[in-house]
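Below you'll find a set of structures to go through.
Common to both upcoming complexes is chain A, partnered first by chain B, then by chain C.
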Partner chain A sequence: MSFSYKAIDWTPFKRAINNYLWVGISSYLALFTLASILFTPTISLNIMLIRAFGSAAFLLLHIILAIGPLCRIDSRFLPLLYIRRHMGVSCFILALMHGLLVIFTHHTGSDVHPLVSVFSSDSGSTISTFPFQAFGAIALGIMLVMAATSHDFWLKNLSAPIWKSLHMLVYIAYICIIIHVTMGILQTENSIVYFLLIFAGVTTLCTLHVYAAIKEFRTDFTAKTNSDGDLVETFPVEDIPEDRARIINLHGERVAIFKHDGKIYAVSNVCQHQNGPLGEGKIINGCITCPWHGMQYHPENGCAKEPSTEKIPTFNTVIKDGVVWVDHKPNLPGSPVKPAVIHEAH
Partner chain B sequence: MKPIEPRDDKDQEFFIGWEQKVPPRQKKFLYNRLIGIFTFAFLVAILLPALQVHYSQSFHYKNRLVNLEGYFTKNPLPSLLVKRPGGIGEEIPSYSIYYLSYPQKRAIPLEVADMYDSQWVSLRGTLLFNQSDTMIEVQPRSIDVINYYENTPPRPIIPEKSLGIHELKGELLASKTYLGATNPGYGKALRASSVLHVTGGIAPMLVINLPEDTTHEFILIGENNIPIEAIAPYVGTEVKIKGEVIVWGDKLVLKTNLTMINGGQS
Partner chain C sequence: MIRPLRRRHLLFAVLMLLSLPLLVVFSFFKHRSNGVVENQIENLLNAEIEDFPLVVWNKPHLWTNLPELETQLLASVDIEARLAIRLSSVGSVHHPDILIYWSPRAYTTRSGISENMHLLGVYQNDLNPILELPDEIKDKDGFLIMYSLAMDEFVSEAPLNIPRNM
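Showing the complex of A and B:
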């Protein structure tokens, strides 16, 4: 990234959202506690805390998983991406508290090792003996790995594809948690509202992801495909806003076509940092700036702004009759290209 | 050539994470959504506890140690028989039966039960109780034999009557969790805890829910009053169980064995 190494790269916005996040979490836990004491005064303290931390983590995980598709649907949500990892670590802390309290309350104080008990106390195939706690433990393990590797240090050392694949495990964790909740607390609580809340959460997330995917799918398959040799017809120059891009799918690869300072540049749409959509970014100070995390690239060669060393493929472009044609064969990442000059073409 | 359509105003604002300020409209948009999310979350925080099942009125006064004196009996399960104070009617047994357990998920060890059986003792512990049953979580090494040099109280007689063989259907639990070690002390989420209690020697309990939020509780004991720890896999589940129902003082005891559960499917 184009900034020096820090433990956390705080900005006023990040700090503000992080503060709101923890005020929100604290308020949730306090409200849950007060409501428990009011409505079920005989509830054990441990059980109350287990439920408070567990439900807070479950709710926060839904918010975290909604951020990605929301950003694809409406770019005004993009700033939330910068705080998503903070949310993820906060979610892990809540889930860890839930897990530790469960182990302390239900699995200690006998001759069986607590961790063995987590995985062995339920081992049947019926609903009442289904091993729901094992699924919770698996989800917590995944969240531990994700929280531990959430820093940019790991992103750089593991490389973006591996890091991204690792963090896609959150969906496995989510499935495990849904099993954990539906086969656990939902078997004890008989209010329909519990079921409806979980159903609404799952449905909302699925709908958001499908809607975002359909939106991208439409973008990919509504573009023109006229070709001339290796060149493919794309957009009229005038349809590309200054310092912004239009995205087109060329033989399965998304290409971002930027207009800047009277020139047309085409680069891969995929940011090497975290696979962000560069074409939804903007040219700032002469650099293509990724909308997800602010990674910057020089448009003329696809090299990241120093000190970063990432490179993206570039594409040759020409302008014919006011329309941008792009060579569908990418140049090697970091290869300099000669931009198509708009006034020469005209 | 198609003219440029003016882009939506929202797209003109562009925020990069390492910039100091978020564009004002984007900031307003986000903060309005955050208010909505927080409102929903706070509603959930109230709704979930409000709609929880109403638990039995059971308690564990963990921080309140009490000293008790009574008659220690290991059969049918380790209990302390404590004389009821004051004048009581003839229909009420003159001794209260307090089940005994050790801290955490352990029963009174058999050798300890053997050591103090049929003796007057004093002990220290914490109380777990619901409307009809009480258990003492005894502090280890706090049991002392009381030496009466004269006027030793007579051995308490607890009326015992068999009601015959019956098949009962209910949820099998650990008596200690049901009486307040955790509240709620039943249900799927608590099964692991109940299983460990029973494998630790705590007597299982069959709870039958009756109309109008009333329950019948039966303490389960094995043949020859041996704890049936092997029943643990059935704990936390609904079972049909056959056995001899015995009224012991004001308690209901079900004497059974593993082959009598769910029509002998064990």
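Showing the complex of A and C:
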């Protein structure tokens, strides 16, 4: 464990959002318990807790998976990204409690090992003849790996692309959980309401993801073609808001073009922390600030604000006739660049 | 650098949108067509219909929350005058692992499955189980308790009155 890393700092705002998460989870469990006592007074404590933790994890997973596409669609959801990993770990803890209670309640007391029983007891089971518990166990295993590697230490040492690829397993976990629920406990339910709720949840979530993914896909294939040697024409200077950026796709990679203090800077749009879209952030105290987790970079050289050590590629820029032209060839990460000065160009 | 990730994300999203809603619909129709899942311990403790040819009484609507469940009290013709309960349902009871108990008193949340309750057998839709009453309770009034073992949950109960001339 000799690798060094520097976690993103917590701010009072981030702490406040994190507190809302725990208040929300506690409130849900309290309300579920109250509703169980009122409407199913004969339910045993174990079964009530299994349902409470399981449904809480299921609901929280939908919220977690909706955050990404919602942020792509509307920037007002961006603060939720600060606690998405905390939500993920919380979801795993809730699912783990659900799984442990199920094993304790249904899989102990025989001569079959409880873990073996989880994978073998559904053939001819009384809840479902489909091996739904195995799918729940697979999903829990994936969530365990994700929770264990959720810390910035692993993000730094695995590198963002590998870490992101690993955490895309959440979609496999989600599919397993939908199978677990629909082919498991729902098979014993009389009410159509549960099916409708899950259908609505699944359809809404998947539609959000497809919509956001298509939006991103279009951006990737909207390429500028007017070039002069290595320089590519981008946006008029006045179209770039002060301390903000416009994003352009150059030869398959996105470049964020910032305007700050009378100068134009161009850097890679990809934050090295978690691949956040830097061009959707803004310049705060002279630093480009990622909208996802608040990682900051100096625009003049692409180096992260100390003590972080991340670096992003920079791009040379010039202004011709009020239009920003960007060199499509990136400089090495952390390379100082001379910004294009707006008043000189004018 | 992250374009392959975005492409993979689009692929996942489209696959999920095409498959998961269908899975929910499929599970709904599977659920409706099956009625209820099979019980692997069928016939446990169940008696044979030939042993109890006499119908003492036949009562519909005896069980709480389960109007479709019909109850018959059957008797044998031998000298032992054995009694049995036969349960038949025109609908489905959607609870897994249902056990039938006899209890001297009505079920309460606090009592749970207590020591003075007698396990009569397993209930399963479409099997119309015949559950013999043990000698020690066959001349006593009491209650039939339906309990889901998998859910560890009380399901329903029915008063059981034995005619005094039996």
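Following the convention adopted for this analysis, the second predicted complex is superposed on the first by the 318 of 346 C-alpha atoms of A that agree within 3 Å, B and C clash if a C-alpha of one lies under 4 Å from a C-alpha of the other, contacts with A are read in each partner's own complex, and residues count from 1 in each chain.
To be clear about the criterion, a contact is a pair of C-beta atoms (placed from the backbone, for glycine too) under 8 Å apart; a residue touches a chain by one contact, two chains touch by 3 or more.
Given the structure is predicted, the values throughout are model-derived calculations rather than measurements.
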Joint occupancy of chain A by chain B and chain C, clash or fit: clash
First (chain B), second (chain C), both or neither touched by A:188: both
Touching partner for A:80 - first (chain B), second (chain C), both, neither: first
Contacts of A:106 with chain B and chain C, given as first, second, both or neither: both
Chain B versus chain C as contact partner of A:216, first or second or both or neither: second
Which superposed partner A:129 touches (first chain B, second chain C, both, neither): both
Chain B versus chain C as contact partner of A:229, first or second or both or neither: neither
Which partner, chain B or chain C, touches more chain A residues: B
Contacts of A:43 with chain B and chain C, given as first, second, both or neither: both
Touching partner for A:175 - first (chain B), second (chain C), both, neither: second
Which of chain B and chain C A:198 touches, first, second, both or neither: second
Intersection of chain A interface sets (partners chain B, chain C): 40, 42-44, 46-47, 105-106, 124, 126-129, 183, 187-190
Chain A to chain B touching residues, read off their complex: 1-3, 9, 11-14, 17, 20, 24, 27-29, 31-32, 35-36, 38-40, 42-44, 46-48, 51-52, 55, 59, 63, 74-82, 105-112, 117-118, 121-122, 124, 126-129, 132-133, 183-185, 187-191, 193-194, 197, 236, 238-239, 241, 244, 281-282, 284, 289, 291, 293-294, 322
Touch list for chain B against partner chain A, complex: 1-4, 7, 10-11, 13-22, 25-27, 29-30, 33-34, 37-38, 41-42, 44-60, 103-106, 180, 182-184, 186-193, 195-197, 199-200, 233, 236-238
Chain A partner contacts - residues on chain C that touch it in the complex: 1-3, 5-10, 12-14, 16-17, 19-21, 23-25, 27-28, 30-31, 34, 36-40, 94-97, 107, 109, 112, 149-154
In the complex, chain A residues that touch chain C: 40-44, 46-47, 105-106, 124-129, 161, 164-165, 168, 171, 174-175, 178-179, 182-183, 186-190, 192, 195, 198-199, 202-203, 206-207, 209-210, 212-214, 216-217, 220, 252-253, 270, 275
